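A short worksheet on the structure shown next.
Just so it is clear, A, B, C, D, E and F label the chains in written order, and each chain counts residues from 1 on its own.
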Amino acid sequence: MIQKYIIRGIIQSALEEDIGMGDITTIAALTGGEVGKAKAFAKVNIVVAGIDVFREVFLFLDEGIQFSGNCEDGRVVKKGGILAEISGNLGSILTAERVALNFFQRMCGIATLTRQYVDEVKGTPAKILDTRKTMPGLRCIDKYAVRIGGGTNHRSGLHDGVLIKDNHIAAAGGISKALARVRGHIPHTLKIEVEVKNLQEVEEALIAGADIIMLDNMTNEDMRKAVAVVNGKVPLEASGNVTLANVRQIAETGVDFISVGALTHSVSASDISLKIE
Amino acid sequence: MIQKYIIRGIIQSALEEDIGMGDITTIAALTGGEVGKAKAFAKVNIVVAGIDVFREVFLFLDEGIQFSGNCEDGRVVKKGGILAEISGNLGSILTAERVALNFFQRMCGIATLTRQYVDEVKGTPAKILDTRKTMPGLRCIDKYAVRIGGGTNHRSGLHDGVLIKDNHIAAAGGISKALARVRGHIPHTLKIEVEVKNLQEVEEALIAGADIIMLDNMTNEDMRKAVAVVNGKVPLEASGNVTLANVRQIAETGVDFISVGALTHSVSASDISLKIE
Amino acid sequence: MIQKYIIRGIIQSALEEDIGMGDITTIAALTGGEVGKAKAFAKVNIVVAGIDVFREVFLFLDEGIQFSGNCEDGRVVKKGGILAEISGNLGSILTAERVALNFFQRMCGIATLTRQYVDEVKGTPAKILDTRKTMPGLRCIDKYAVRIGGGTNHRSGLHDGVLIKDNHIAAAGGISKALARVRGHIPHTLKIEVEVKNLQEVEEALIAGADIIMLDNMTNEDMRKAVAVVNGKVPLEASGNVTLANVRQIAETGVDFISVGALTHSVSASDISLKIE
Amino acid sequence: MIQKYIIRGIIQSALEEDIGMGDITTIAALTGGEVGKAKAFAKVNIVVAGIDVFREVFLFLDEGIQFSGNCEDGRVVKKGGILAEISGNLGSILTAERVALNFFQRMCGIATLTRQYVDEVKGTPAKILDTRKTMPGLRCIDKYAVRIGGGTNHRSGLHDGVLIKDNHIAAAGGISKALARVRGHIPHTLKIEVEVKNLQEVEEALIAGADIIMLDNMTNEDMRKAVAVVNGKVPLEASGNVTLANVRQIAETGVDFISVGALTHSVSASDISLKIE
Amino acid sequence: MIQKYIIRGIIQSALEEDIGMGDITTIAALTGGEVGKAKAFAKVNIVVAGIDVFREVFLFLDEGIQFSGNCEDGRVVKKGGILAEISGNLGSILTAERVALNFFQRMCGIATLTRQYVDEVKGTPAKILDTRKTMPGLRCIDKYAVRIGGGTNHRSGLHDGVLIKDNHIAAAGGISKALARVRGHIPHTLKIEVEVKNLQEVEEALIAGADIIMLDNMTNEDMRKAVAVVNGKVPLEASGNVTLANVRQIAETGVDFISVGALTHSVSASDISLKIE
Amino acid sequence: MIQKYIIRGIIQSALEEDIGMGDITTIAALTGGEVGKAKAFAKVNIVVAGIDVFREVFLFLDEGIQFSGNCEDGRVVKKGGILAEISGNLGSILTAERVALNFFQRMCGIATLTRQYVDEVKGTPAKILDTRKTMPGLRCIDKYAVRIGGGTNHRSGLHDGVLIKDNHIAAAGGISKALARVRGHIPHTLKIEVEVKNLQEVEEALIAGADIIMLDNMTNEDMRKAVAVVNGKVPLEASGNVTLANVRQIAETGVDFISVGALTHSVSASDISLKIE
């Protein structure tokens, strides 16, 4: 369940953006007293994510809306399955519908795609990670949807995880210098991840005491060697150009994590429809 | 060019979301005095959109950043082409990079996809429209990117365009009643669009004085007949399940507009990279 | 009824502006436990507008307040008539009173004035329009009050209606060029209104395909001629120096709309009083 | 001069309210490169107030705008007089014009009306006060304009001035009890004003130690007696139904202050026009 | 009781600052369904202040939380005494605990310290005042806690009280000139306080008509003389380097007010603990 | 250096809180044209922290202010030492002074106190940590000041560090179960800290794979034993009732970290004064 205090603000902004001074069609075409009932159903197979956000959009606009259904986040719903029933003032339902679906379809889209990656690597030790390639303003719900899909969250931003990249290394004068500098400045509760490009850097990072090593755009062959060299001392994360087509092979190199930008930067909205009776 | 007053707020939110109390890696690994130069380049063919947003993210964080390049919105850049050069404080560049790319890659992705649809219908009268299926909080930049890609904006929200849908019609008791109600309540500067499902409704809408008729999920055959019936009296908009594969056939029915939700609800981020020298 | 999501924000700001860190008189003079009952009544004849805003101010401050009365927006209340009864914590009523009245008196003032204009043109085809000359921050309630008074809203801002003025025409190089440029850039759901100054421009605008023509500061004689020339092909809007004294004569020229800036830029607050028993 | 930190926020809100996602007419009709020059001039005699706000609206939208003219707040400008010259990007001037004028016309309207009241009581000891009957969200500029017009500000809100009204007195059990309660709870930097309805209450308030006495809706005759009774021990404020027609007579009763709600609750916008060359 | 509309905003900000995208430990370690009960108790003797703020933090996060206890602001609670019982969803209690205590411990700390100062001067005419040396963003609750501790609030900011300091005097060209200028510009509801440094200035301020005189860093000997000179005509406020050790002696000089910056600029949080059963 | 984007918002809020609609004394007593120069100097020995915040407050109010001095954060300044020189519009300096000092004095107070703790444990392995016991809304500057004083930041909130406390353990059914649950749900970049109360729990936590162990309110004797048991396998953090008087002894037990709530919950503002010449 995603917590209310996190989503109130973005729901309000989204409604203001869409409705502005009013849904002029609905205000004009309806008397205001009509009551209706709508069913949200899946038009494709989906992993449900964001049912709470979906509900809150309707309730934000009109506290009198009734929202029912027992479809929880994480459940797989087949094409045609009912996701929720919404009843109450018809005008409120019509006015809130699009924004509610915009959130929900994205979140289900992320969870569904994540589940595909997770299923693809089943049986290997690899976990699927998200990245910071999320939609501006929507990171919290993007990352929540990844978790619902079975993925694992990487850091939520620059403030809560350390990832020493090539430019940091270059500026500091090498992997061990960069690590030394960073170790002295960060909370002791954070691990230090270092991005490397080849096997030599893997060894340098290991010696310098990296807590996690990210293998950036390395071949599967080299990643396999890295797994052997590191031998379980620290976790390894594969990164770069991961697709559904190649994720299994990457996972089979023995890496611990595979990060996939596409989970959130190239989302296909799940096809969900609201049918008013 | 997208205007500053429109994008300041969302850039600030996006940076706060990503950076929080600070980019701890960069603060720790760098001395703060390093200067650097970065090139943004396309890793695939793209239609550029959002270069102003891309620049403003860096400048928002650090007014001292130099941003150059003559790549304007709307230009096609081939794989490998340079999009911009950014120079100045290295830490600032590293800290702003991801947020700047998150905006820019989405916007280019939208413009590039829109251009594909527009190219696909070239030679027909049809214009490609966007919808309200945009990312919550990002409608202004999503719709801007559609324009840059050669698309035409539909209404920006519920407040500035009238679209009478099936539920409005049902509640009002028919197409003509709905139109009559609406006409009396909206600014005289707005046209009235009516959604119809079959040829009979097309005729009803025409008689009732609709300014625009939206053909919702009708077959190409029926749309062709609708074009004949309407005979140029009002514009026709095709809507529902439009893809790159079928858009040409739809356009050849003779409709005036084709609205495509996927332009903004299922965007693939354009692959753009920042290389620091 | 004005919708809650639209007015919450401005009510909060208004209360913060007035109350700041606290109503020091009420906090000091009362024990906090007093209960009271107040009646709001009209001290002049008014058209009621904003009863929902009036109520929400009290409820925003104190959810326990009881607000009753069957006085709906649009109703005419004679001098001395009761508008609402408010009961509950006396301190809350005293603290909220002024802000609640500031909103309500303005809204009733606008509706009452609008009704006078509307009554004045009764029997003619003319509708009374508002303008963008509203109070900064209060446009939504200003325009709502105009509707309640029987007026018709013009565009709500620069984003949702097209009005090509003399300076746009000059910059584009003439009426037809301006229209051509604009037609290519705006949503197909918007009509295009063109401002003209004389009969020659009326004809140019007509030929160029304007959807609406605004007659700016033209004499009644010329407006009558314009009505004859246009002959119902597009609606005509009269604009400039409209007063209660001359609005009837303008309406009798046959124009379709008359826009009146004074409806919102020069409002006399309706005299309404809260009497605590 | 009104200070920037006070007006930035309301200018931003006003522009967002009017422009939304963009001034579609100006964006479409202009190329974006046009440069222009505009003169703001008075169409009636006015007392200038808010020239800084007027300027800041243009600059907020476009920092490149040039704003000149030596017309300071407080100056009387005759019909036809030039108030300012604005030059720079034509599109920016056109887009900002209405919001800039909405602020400026209200502020000049308030100052001009205030000046009339001030002139009317010239030669008497009375000062003209404003009230809390200001536009929600605009109190700071409303009260500033009153000062510019020669008026004196009453308290700015419930938090920074004490005014014990009839209901406070009733709840506390009499004037002296209310005063005693209040004196113990407020900052020592604030005076205590008590509202009274007749001569007996004037004497009670005086004995109880009120710092200021407000004579609420008393006849001129009674106010004259109150002046005699109080005999300069504390200032007296006349309140209730003050108009330009009766303010002189009230002033001649010898009261120290006369508060006029109409200064801000029923403002006529000063007629000011922007002419683009 | 501190009013809700005042504290909602700062509670929301404080929770967002602490929780961000989620309390990851609690979300992970609990199932979400656990129910718990906690007691807040004093680990030292305290004057309770802010029990409403303490409660609202829990309720803001989770409306289902039950909060009970009859401990009101102003009550003295001995070491070990129970302050409140909180029951409901365990995760919500754990997540809200720290922010709730951060507010409550500061407020009790301020009230407890204020009480010590107030007790110290018991029997003298002196009242203990706070200053503007409060925590940025927390002035309203800081000043509320001072009142609860028995102190008296000085002005709440620069806008609602007049204090002419040495630099104002120097700029204006002397005490009487400064007073004359100020008297003409401020609401008549405000008293004018003047800061003086020696006995000569005391006399000047008195002659010039100051309503209150602040004795800035004067010796007790000189303050005694000032009391004699002023002889009750206006209140005197002692200011500068006041501590618990010297406040009694200052009070015995006969001054009316003693302002103590340390009440809010150097607060020791009261030791309060939440024990979950 | 603390970064601008982090502090802009809290500076604006603090100024609005203090100044409201205007510094009425300064506006009235000065002509507005006065120019002045001020020196900020230390009235006690301090560790400077927040010089950037101090400067930005003045610049936020008036961009024309000149701020000079070479006093950097972290430097020790002796009593009487100059911290900065501020020159420009005298009114702006007077209006901004208090807010600027409120921030700066707190930040220097935190850094100075932290330095005392750090000096106290010199020669031992222990590092001084802060906690989440910071002022609501000021966490970023509180934690920055701790770093400047030589302390080490613990997690910045509930979102970016894992600390399994007794209640989490109880709810999960034991230390190892809690750890197992948490490990599966958090980003791999975060370490897991477990709070324990006695030596038995230390061993449990070690076996269960805790990354860090917090010794909560254990005796120095027990902490020494814990150090021996753990033997460097994971870092140990001492917590609870740490004071300047006992911190050395705690450090000598051999723990790696000592967290001190008082660094931020009970701050004495450093005595700093602004002298205008």
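The working rule: a contact is a pair of C-beta atoms (placed from the backbone, for glycine too) under 8 Å apart; a residue touches a chain by one contact, two chains touch by 3 or more.
Predicted, not measured: the structure shown is a model, and the values here were computed from it.
Chains that touch both chain E and chain F: A, D.
Here the chain-to-chain distance from chain C to chain F, counted in touching steps, is 2. Using mean Cα coordinates as chain centres, the one most removed from chain B is E. A comparison of the B-D and A-F interfaces places the larger number of contacting C-beta pairs at A-F. Computed centre separation for the pair chain A/chain E is 45 angstrom, with centres defined by C-alpha atoms.
Annotation for chain C: residues 19-22, 139, 156, 159-160, 162-163, 185-186, 190 touch two or more other chains.
Here, these are the chain pairs in contact: A-B, A-C, A-E, A-F, B-C, B-D, B-F, C-D, C-E, D-E, D-F, E-F.
On the side of chain F, the complex with chain B involves touching residues 1, 3, 5-6, 139-140, 143, 156, 160. By the touch rule above, chain F contacts chain D in their complex via residues 12, 15-16, 19-22, 32, 60-61. For chain D in complex with chain E, the residues that touch the partner chain are 127, 129, 147, 152-156, 159-163, 185-191, 193, 212, 235, 237, 256-257. Chain D contributes residues 10-11, 13-14, 17-31, 34, 36, 90, 94-95, 98-99, 101-103, 105-106, 109, 132-139, 157-160, 162-165, 167-169, 171-172, 178, 181-182, 184-186, 190, 261, 265-269, 276 to its touches with chain C in the complex.
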